[in-house]
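Heads up, there are several structures right after this.
Below, subunit A partners subunit B and then partners subunit C, in two separate complexes.
This part shows the complex of A and B:
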């Protein structure tokens, strides 16, 4: 049983990690809580759903048949690209329309946070208006029995989630360490003024951060909707878990976000196992509050945390 | 007419919530995001007392408000050490926890099924039933809340609160125990939110956790910010406009599946526009720092 709990925790943890990574990339450069990140995640899933819906008028082809039939495969590729790129574009649009004017006025963090809540509420309800409040699904076809692996049962889709989100996380890590843009992003995160002195344009870096972070959110949204359902309110849960994971790991830290996501996923699933599924959010927030009070810098926090708290 | 009066009663309840949150957010400058948790507490305590033990709603209201205040101590004591975004996040989390307790502790709260048949108020053995009577009752409580909070903010105590809001370090340097003041203010806010929750429960006669979500907390905060931070008149304006205006959508003949998200969209848009154009609100005196 414990193996299954750990496996479930790990799978949901990688999704949390992916959301937390996107959130962190943005947080590092702009230094406020981009709450609307959650709704970008939901939009990623809805964009992919829309493509499949248009292509097949209601429900997509089963994912496992996509590998067999080239026509199915192209639709899926288009849907995934629409979701990921659409989410990236949405993130940038939010930044340009809402955050940039606030940045120009040097607005305090809380104004950003409230504006971000506004964006979240607006888009979430727009989704509800367009698609309805009901649960939709992009996976069609029968649920296949999973593979037995080290005492746990894991389905194909879960393996896909695990592999894709781990690959994305590692790719992001390499990008931040090696690529020129990634290095510039780290420079801006460390010291915006010094970065602009050496010729890095902070506005361009913020743009890149929103594009990359939001695209990751879109990818996470699509991955989770392969496993569960999509509904307009899915973003709230995602962003809360993303923020909690980031704070557990140490806000602003990329390895911290990955670690925090996995930690939260496993802790939550242990809680579900020992208590009951309804208390999931409660457990997550108790962990958050414990961390905020006892170790606000998180497990791998970067040093600027002290001054902020 | 009945419907119009009903909207006024609801407006009155929101005015109590907005006034009490304004004391915390607008006058003391604490970014608190979990106000619905306290009205939830007040509503559940007073309803359960009435349903399970037959205790008069008047006593229930008072006990509910006191328990909400106690919850304020429990939440405020640890979380008020945090500042800014982190305080907002911690109180937001507290809101989620209270909501999930109301939803999951089925043995006591009946969870998502809610508590039906909550008895109403009675005066000298006469049951209050009409919406008129409730309007007068709620108006009386609005008046009491307004009076108490006005007294607080106009007193030397209120000056200290504004001192904390404007410059915490300076207030500390003046020898003020700012943590004590923050907790007192937080608890007073929680007490009045508890009253509002209890009034709501006994008026509607049915509660379930969905009335006390974090979205509800954000809506109350929006009312404070819209009306004006640190302005009592602003709280009246904020609550009234944001309760009454979306009701007009109903008169346009929209089905509720359209009107409900549209109303939320208006709230969201309003929040963005306010932050962009006038972060202190219509009648506000204070901007976030």
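This part shows the complex of A and C:
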């Protein structure tokens, strides 16, 4: 049984990690809690859904019965790209329309946080208006028993989630370490003033951070919607867990966000197993408080800075 | 010059006085039709996680109000419905009710949907002597809670007992695991089912819960799997039941899946797909095709207006308004007398079926057992008559 519980924790943990990664990338460059990240995650799923909806409306099987038919392979690829890129663009638009004017006015962090909440609620209600409050589904095949693997049962979609999330995390880490843009992003994260002295344009870096971070959120949203469903309110839980994961991992750290997500997912599921499901969210917050009190730098031991909220 | 100034001041004063007088008169004349309106409040989850049910109830209420007003209202007075959003949240529901009572001065309120919200609102309604009429709350805790409370949705007691009987006697399954939503609704169903199943000397070997809105039940299901029950009772809302159904099958469990009234929703089939095949659930009976003239009529009007078939939610909400209107027409807008009127109502021919209010003002309705076959909801056992009053 422990194998299955760990597998369950790992699957949900990689989704937490992916959300936390996007959140962290943005946080380390702009230094405020981009709460609307959660709704960007939901939009990623809705963008992909819209493409599939339009593609399947001209005949073909109903969306929820759509099988992994090769004829539809291109549609799926287009839908996934639309979701990921759409989410990235949305993140950039939020930054340009809302955060950039605030940055110009040198608004305090609290204002950014409130603005972010506002954007979250606005877009969530917009989703509800356009798509309705009901849940929508995208399926890559009929429901069937998963594969037995090391004492646990794992479905195709869950394997996809594990593989894609791991690949994205590693790719992001390599990008931040090796690519010129990644290095510049780290430089801005370390010291915005010094970075601009050596000729790095901080606005460009912020743009890149929102694009990449939001695209990751979109990817997470699509992956989770293949596994469960899409609904307008899905962003709230995602961002809460994403923030907790990035704090316990060490806020601003990329490996930290990954470990934090996995740690949180596994801890929650061990809690459901040993205590009760009613304590799931409670466990998440107890872990958060424990980390804040005992190890504020998180798993990666990131030094806290005075700018933090 | 001086005289001119007096004239100017004088005319300004007269103008002001006149405009006040006109405004006052206009105000009066505007108030007159308002006084002829009968206001009914409605507290429903119009947004949030259970907005779907709120919207369904609203559709039913709208049809009832339309019909009543087209027929001349109640003794010539038009009905006006005031909707407030509870967002499916007890605190919001209480706020909405307070607003309806204190600001709008309503004496009768339809709502709420979720039992937890209705339970929170009931003390406020009772304290203010306001009738609260729920179209969808099924918690056994609401039975006889107040003389000002009524509902068209029967208590979970009936539904859960009927299912327990069927599982034990007809399916012959003796070992059941339950997975219920951790609120008044899930708890009520789980308690009643367990009580009845134990009475029948069946065994509920494992009990697990989840929070409303959860999408991951795998670890709870893993714990249930370890006890190897013959059947798993999912007591909750269709979104969660759908995902749980899917995850039960994905984890390779072939136990009989059991559900509550909310299992019979098309959306569930879209989410759970083939995993829902063979699932069995109990539901207050609603078969307009085999029902009374009123039931057929409502279904037709509904289809003409919305282009889809009504569910029991729309029918129950419609009936709630119609019963309230009949009571107001009979005894006026006095909640005390409305309460006496409704509690003695027997065999009311409603859009949701025959409605009677019995002991403690509780509504009684027949329950039917259904199953999912080839992506359709059909009576269980297959080929049996629709109405099985267990």
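We adopt the following convention: the second predicted complex is superposed on the first by the 286 of 309 C-alpha atoms of A that agree within 3 Å, B and C clash if a C-alpha of one lies under 4 Å from a C-alpha of the other, contacts with A are read in each partner's own complex, and residues count from 1 in each chain.
Methods note: a residue touches a chain if its C-beta (ideal position, glycine included) is under 8 Å from a C-beta of that chain, and two chains touch if they have at least 3 such contacts.
Predicted, not measured: the structure shown is a model, and the values here were computed from it.
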**Study point:** Three-chain arrangement built on subunit A, subunit B and subunit C clash or fit
**Key:** clash
Review point. Thinking of the overlay built on chain A, is A:27 touched by subunit B (first), by subunit C (second), by both, or by neither?
Key: neither
Exercise for review: Answer with first, second, both or neither: which of subunit B and subunit C does A:155 touch in the superposed model?
Suggested key: second
Review point. Touch check for A:281: first (subunit B), second (subunit C), both, or neither?
Key: both
Check your understanding: Looking at the overlay, does A:210 come into contact with subunit B only (first), subunit C only (second), both, or neither?
Key -> neither
Exercise for review: Kindly classify A:121 by the partners it touches after superposition: subunit B alone (first), subunit C alone (second), both, or neither?
Suggested key: first
Practice item. Would you sort A:273 into first (subunit B), second (subunit C), both or neither based on which partner it touches? Key: second
Exercise for review: Return first, second, both or neither, reflecting whether A:133 touches subunit B, subunit C, both chains, or no partner chain.
Suggested key: both
**Study point:** Clash with subunit C (superposed arrangement) - responsible stretch of subunit B out of 112-120, 148-156 or 184-192
**Key:** 112-120
**Study point:** Residues on subunit A lying within both footprints (that of subunit B and that of subunit C)
**Key:** 125, 128, 133, 276, 278, 281
Check your understanding: Mind pulling up the subunit A residues that touch subunit C in the complex?
Key -> 1, 4-5, 8-9, 11-12, 62, 64-65, 125, 128, 133-135, 137, 139, 142-146, 148, 153, 155, 224, 227-229, 231, 233, 237, 269, 272-273, 276-278, 280-281
Study note, to complete from the structure: Residue positions on subunit B within touch of subunit A in the complex are 31, 78-79, 81-86, 88-90, 93-94, 96-97, 100-101, 103-104, 214-215, 218, 221, 225, 257-258, 261-262, 264-265, 267-272, 274-276, 279, 287-289
Practice item. Write out the stretch or stretches of subunit C touching subunit A in their complex. Key: 47-49, 51-52, 55, 182, 208-211, 213-216, 218-220, 222-223, 226, 239, 243, 246, 249-252, 267, 270-275
Point to revise | Contact set on subunit A toward subunit B in their complex | key: 32-33, 98, 101-102, 107-115, 117-126, 128-129, 132-133, 236, 240, 243, 247, 276, 278-279, 281-282, 285-286, 288-289, 292-293, 296, 308-309
